[in-house]
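Sharing a structure below in structure tokens format, with a few things to ask.
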Amino acid sequence: MSDFFAGIPAVTYEGPEARSDFAFRHYNPDEMVMGKRMEDQLRFAVAWWHSFAWEGGDPFGGPTFQRPWFGDTLDHARAKADAAFEMFRILNVPFYCFHDADIRPEGASFAETTANLEAMVDYLGQKQEASGKRLLWGTANLFSHRRYMAGAATNPDPDVFAYAAATIKTCMDATHKLGGANYVLWGGREGYETLLNTDLGREREQAGRMLQMVVDYKHKIGFEGTILLEPKPQEPTKHQYDYDVATVFSFLSEFGLQDEVKMNIEQGHAILAGHSFEHELALAREFGILGSIDMNRNDYQSGWDTDQFPNNIPEVALAYYEILRAGGFDTGGTNFDSKLRRQSLDPADLIAAHVAAMDVCAAGLKAAARMLEDGELEQRREDRYAGWRAPSAEAMLNGGKLEDCFAHVMETGLDPQPVSGGQERLEALVARYL
Amino acid sequence: MSDFFAGIPAVTYEGPEARSDFAFRHYNPDEMVMGKRMEDQLRFAVAWWHSFAWEGGDPFGGPTFQRPWFGDTLDHARAKADAAFEMFRILNVPFYCFHDADIRPEGASFAETTANLEAMVDYLGQKQEASGKRLLWGTANLFSHRRYMAGAATNPDPDVFAYAAATIKTCMDATHKLGGANYVLWGGREGYETLLNTDLGREREQAGRMLQMVVDYKHKIGFEGTILLEPKPQEPTKHQYDYDVATVFSFLSEFGLQDEVKMNIEQGHAILAGHSFEHELALAREFGILGSIDMNRNDYQSGWDTDQFPNNIPEVALAYYEILRAGGFDTGGTNFDSKLRRQSLDPADLIAAHVAAMDVCAAGLKAAARMLEDGELEQRREDRYAGWRAPSAEAMLNGGKLEDCFAHVMETGLDPQPVSGGQERLEALVARYL
Amino acid sequence: MSDFFAGIPAVTYEGPEARSDFAFRHYNPDEMVMGKRMEDQLRFAVAWWHSFAWEGGDPFGGPTFQRPWFGDTLDHARAKADAAFEMFRILNVPFYCFHDADIRPEGASFAETTANLEAMVDYLGQKQEASGKRLLWGTANLFSHRRYMAGAATNPDPDVFAYAAATIKTCMDATHKLGGANYVLWGGREGYETLLNTDLGREREQAGRMLQMVVDYKHKIGFEGTILLEPKPQEPTKHQYDYDVATVFSFLSEFGLQDEVKMNIEQGHAILAGHSFEHELALAREFGILGSIDMNRNDYQSGWDTDQFPNNIPEVALAYYEILRAGGFDTGGTNFDSKLRRQSLDPADLIAAHVAAMDVCAAGLKAAARMLEDGELEQRREDRYAGWRAPSAEAMLNGGKLEDCFAHVMETGLDPQPVSGGQERLEALVARYL
Amino acid sequence: MSDFFAGIPAVTYEGPEARSDFAFRHYNPDEMVMGKRMEDQLRFAVAWWHSFAWEGGDPFGGPTFQRPWFGDTLDHARAKADAAFEMFRILNVPFYCFHDADIRPEGASFAETTANLEAMVDYLGQKQEASGKRLLWGTANLFSHRRYMAGAATNPDPDVFAYAAATIKTCMDATHKLGGANYVLWGGREGYETLLNTDLGREREQAGRMLQMVVDYKHKIGFEGTILLEPKPQEPTKHQYDYDVATVFSFLSEFGLQDEVKMNIEQGHAILAGHSFEHELALAREFGILGSIDMNRNDYQSGWDTDQFPNNIPEVALAYYEILRAGGFDTGGTNFDSKLRRQSLDPADLIAAHVAAMDVCAAGLKAAARMLEDGELEQRREDRYAGWRAPSAEAMLNGGKLEDCFAHVMETGLDPQPVSGGQERLEALVARYL
């Protein structure tokens, strides 16, 4: 047990008029939303790295946080885990996520590092059992250590590829052992700083091979979770291979893995790639690869990944709308890949930030559900394409030819007239559900 | 014959010390570069729309140019063509490009519009024959008219799809008749202003069908040129389907068209999508779909497509380097999709801008050729990946398993050490060839 | 009377549950907010240019709107005015704004153009009297005509300066005659496309002189309204002199006009300059130059001025919060410098877009008022700086010296400890008022 | 003496054909450029922080560099200084720059920290004397330590203000003792993360007071160098007070310090603020506050401060052109505020990067000088404004009135015709000097 959060009560639903920073005003786990408990729709997870491992540094400043568990020993790691599970309890959040590097101290050798990981997996297993908390996903940190500075799977040095592969194995084992619902890969160093020293074609092949190895190993060990890739266009490198959903889909298609791998989509990464969050979600849904989300917000005016807690209900509602249209989460969930601002030093900041974010998501989800259940928006969308239900239109779509269209236009003197797209009225309609 | 450019001499190569705005200092058509005449390497084309059809307006201002050929009759269209071919002669440029809407007046009906197009194709055919100038590519303008405001292939109204298909047929016929080396599709309205009224999945299917129809028709009429798609992420719409090279490749793969269609890549569109021009070129080369280029520059600090004439030799050199690495152009070429600033009112501005741009490209090409012939840069790139030539590394890439890598790392205590990426030294190396 | 909006009822407050596109759910003109009627707090105005003059074109497409009043005669201009006042009536909006070019046809000469303006001012005067509608501000369009392509006040040709000055006089006269509450200057062409042909210093002086002339003329004719400058960083030019609030303040200071001129701040222009709307408002308030606002939203992911109708209550609330902190509007108001998307063709779109925007503003204003009246946020802000109320701190601020601070730190061994900035808790606090 | 750079020869001018990474091809210190030795025009300085203190971390990764001088003791600090002066010798660079935190270990108290600083100042003084190297500027690091997380001068805690003031005193003393040519202030934490907890007006006043104290102290101790402010719009904070040159000028004007303080302008910061480097330089020149430059480049497509070594001669030439138009540097110079990419691990990378950057600057300077000496560009600029030399135009600028302009336009029927801005021809002209 950690006393880091001493004095902060377990957070419960108190309704919209609650004044405390430590009360839910919208998140009510047992309330039913589109046929599921809200908890089961949202599947909230806390991210170990931002909340427990990050020290508050930025490119121009050192650590600002001072946590009792900062240190390099297994004792520190266990103290960190104690605080983490204490926070999960206070927040009443069902899931968490981690990288290997978040939960165990780095050892002097790969073997020692692996032993540390295994020790901590045992410890987390016990804590899971005692608390009922579950692992949404595990992943390997293949970007912080200097050995990965030029990539992991895409490194010019095959030894780094091998080291990364070995590390992924240990992380998949850990995730499997802890009953993780998914396993995630984020290629923060899989890209380039300069094209001048980069063999794009070769590096893509290396990445394809690594992903195939991950899928093979999943089947070998009988891991039932979903393999997820998380796109991001740039930062830390100048340009990353998993740029966005469309790029990753082309990659999966090229290597024949589109039925094996889904997407973990982060709001901030969508923004950095020039897309809205809902665009990336909708596109993944159309491709059949929508898996899970990293919920945060990026400051639209800062050109880097600010990973802030979400605070805009209208935006969040549009994201959950796309998820609900996809039938909701299967193995995926809502991971808060969000970190405190580095000036938010207090334990209470950590709790209050999550509470507010959970409320924003709950309010957004409920608005999205109302919108979908009401059906007006989908009706208007469908009406807009009604002309395509005519047999002649269907025929054109299925076997049309330019020359037939030409003959038809010439014969009928066709002169199609534009119809209002009604964007402002649709935006006004959406506003009514918020 | 047009007297629009009266007083401006035919531009010839005069060497680096020339002072006139109407002399080439770098572009020397017959000079050999990597085994081809410079003219045949660069394959310059003038874009009809920017140079002869655009009137100088912007979102806050009306026309600034006053050209004698502005007007809606076939006489105007012929006067425009006369001026265009006069400019091609002055510039000694071998190719040109057009949209249907650039070269013919819009008629009162589709039939009349088509007749106008045919009349102008005959006229251009005669001018080609007289001048030896050739068509690099033709294309259909499916974005300016209000009927296309919600898309052409991806319109919610199947009549617009049919109208667009009929129009494409006429433009492919025109291109075929004029011996065009390529046919281009740019989907400026194939995207959305708001997801709220958009069925992404359906619209992708519509676009896929249209592209298949284009490919079918190409084979039917025996057109030998290449079908090219031109990616652009946004503008005019908020979000376009042909976002960038990777997105288009995923689209081609989905519809099985990756061997039928190549890319026409524009510098400005690469920038708007968050990529460098050379990135898009290299990626297309790796995918085997590098076709042709639209050479311009975008102001990095303006968030729209400024389509300026190129003026930075170091940047242009990196682009041609990727093209030369791909073996140079096949049917493609260098189209100046660049327009005068709207304050550049004079005929001399139009000539001088192209002269300077051609010189920038020639200087860039020569630098790229020196760089490739010298071989130092490619040698350093190859050396960086040398480790992957070891049999054990190749084996890992071809059939590796996570568990084997794990065993290997554990057994050997592998601890790979990072090696300098040498970026600054590579940049300095590149600078030497400029 | 115009029948353009036939069938659309006058819009009234029907409460939050209203379903119609033509009902206010939040805007209730007579409801009191912080001691004023909501109508008097918000002071809504419709912008003539976007709603009645803009034809729906964009850089890649021509007009999409087809309005009966499009044309070049005084009859067209009166029909346009009739439709406009009909819309003001339907919306129950108290104010409107115009450029000269919006309301009158351009004549063949300056004299004819001026006569046209005067005729329309008479006509608008009659309509004002009949309807009770008022003019929030008038302004001169010194950017659309080709004569202004290189600037109006900052043009290299003094004749253009003179022409612009003469035009401003006519627009100030018109505004004065119609009882306008403000007169606005927006320098869309006062900037440069390239530094290479620009004399920055001289052009600043020209701009300073023009502004002085405007202020002099205001006093000469006894115009009681406020002179407002509207900053914008770029677009249409590459770089404009009135970049943002801080830049304009330095300009006003340089020419001694900071007590004569205030700011008209637009959300979209704040965004383009890299600031939030609330930042620009707060800064103007601190400088004592907060005048009026142009309420719209810019798409954060489009790099140009999209001028969309506002639809995000949390964002709008933060803007009105800064305005309420400044004591609310004096002569200023909320002008919708927002335009329909070019696919929104219908009269109903025009009404519904304004209705929704007015509701968003009303909801935002009410949230802002609750936040300010509650006082919690301001209390927390004040507490954060409490240390500065100590006499020693005040002394340091008023006459401190580096050497005294040094002595103090050395003597006391001062080692200040950071305190949480509490950002997430403040964001959560704000969310409660929404 | 450090053997860190063992094996790397002193770099000398070898002419354009040199092949080595350790030869100057353009920088020839004694060559005369516009009446001064090239060394005296460029006044190159190495930045201690990037080259000797930065460890290669980024937001997603830890240190990559392993330098023998990394550590917290005075011995480490002296070893670092030895390596630095060895590099200055190899590069033949006349100047260097530092923050206090770069050159001395942090102590356990302010007194100890100050003593460490003084010890290192003595050491550097000896090394200066032995080598002839000089200090271009010193500055205080008021942004890395967590005590400054909420600002130094603008901190809500007056103790932090006092601590910062005391620190600045020690750094000004150090700079004075070492004969520094300038003293710089960069307010990396003087801004905000959220407006919600920020009192903009108060913080501006605090910043104004601190700057006044700096100026007062300069005069008190008889420091003859220039006080320089370095603008930057954002990063590390969301928004900084010293946004850009125009903003800082408004700040200096407000506090009456425009004759006491000049600008240190960084290319990367200009870019982040939405301006070109040459814009900021030209504006500062017009305001009379152009002081010194931080020469680097920012990746236009990365939204953060990449601080890369310059490598684009056309861009650098435009910057030096503005500096030469201002008469060249007085106390200022060219500081390389540029850092190696974190993958560039080797001592040779550090040398080669500077060599290439110095060459780029030298080539840019020479091009700029040719351009200015030739006079064609300035002649064209002057011609463009020739109309303003007419007495009537001058009169209008000095005492014109709107009503006089109106009368003049009406009487003469003035109808000014636009003249080509000739942008492309000017760009082509510039290209000839490169």
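As written, the chain order gives the labels A, B, C and D, with residue 1 at the start of each chain.
One rule holds in what follows: contacts are C-beta pairs under 8 Å (C-beta built on N, C-alpha and C of every residue); 3 or more make two chains touch, one makes a residue touch a chain.
Molecules present, by chain and UniProt name: A, B, C, D = Xylose isomerase.
As the structure is a prediction and not an experimental result, all values here were calculated from the model.
Listing every chain that touches chain A (Xylose isomerase) and chain C (Xylose isomerase) alike gives B, D.
Taking shared numbers over all numbers used, the chain C (Xylose isomerase) to chain D (Xylose isomerase) interface scores over half, which places it in the same class. Matching A-C against the pairs in A-D, B-D or A-B identifies B-D as its interface repeat (over half of contact pairs the same by residue number). Between the Cα centres of chain B (Xylose isomerase) and chain C (Xylose isomerase) there is a gap of 40 Å. Chain D (Xylose isomerase) has its Cα centroid 36 Å from the Cα centroid of chain C (Xylose isomerase).
Touching of two or more other chains is recorded for residues 64, 146, 149-150, 193-194, 234, 274-276, 301, 341, 343, 418-419, 421-423, 427, 430 of chain B (Xylose isomerase).
Chain B (Xylose isomerase) meets chain D (Xylose isomerase) in the complex at residues 19, 21, 25, 64, 271, 274-276, 300-301, 309, 311-315, 340-341, 343-346, 348-349, 352-353, 355-356, 359-360, 418-425, 427-428, 430-432, 434.
Considering their complex, residues 56, 58-64, 143-146, 148-150, 188-189, 193-194, 234-236, 238, 272, 299, 301-305, 341-343 of chain D (Xylose isomerase) touch chain A (Xylose isomerase). Chain D (Xylose isomerase) makes touch with chain C (Xylose isomerase) in their complex at residues 109-111, 114, 146-147, 149-150, 156-163, 165-166, 168-170, 172, 193-202, 204-206, 209, 213-214, 216-217, 220, 233-234, 239, 243-244, 246-247, 249-250, 253-254, 273-276, 278-279, 282-283, 286, 318, 377, 380-381, 384-385, 387-388, 390, 392-393, 396-398, 400-403, 405-406, 408-410, 413-419, 421-423, 426-427, 430.
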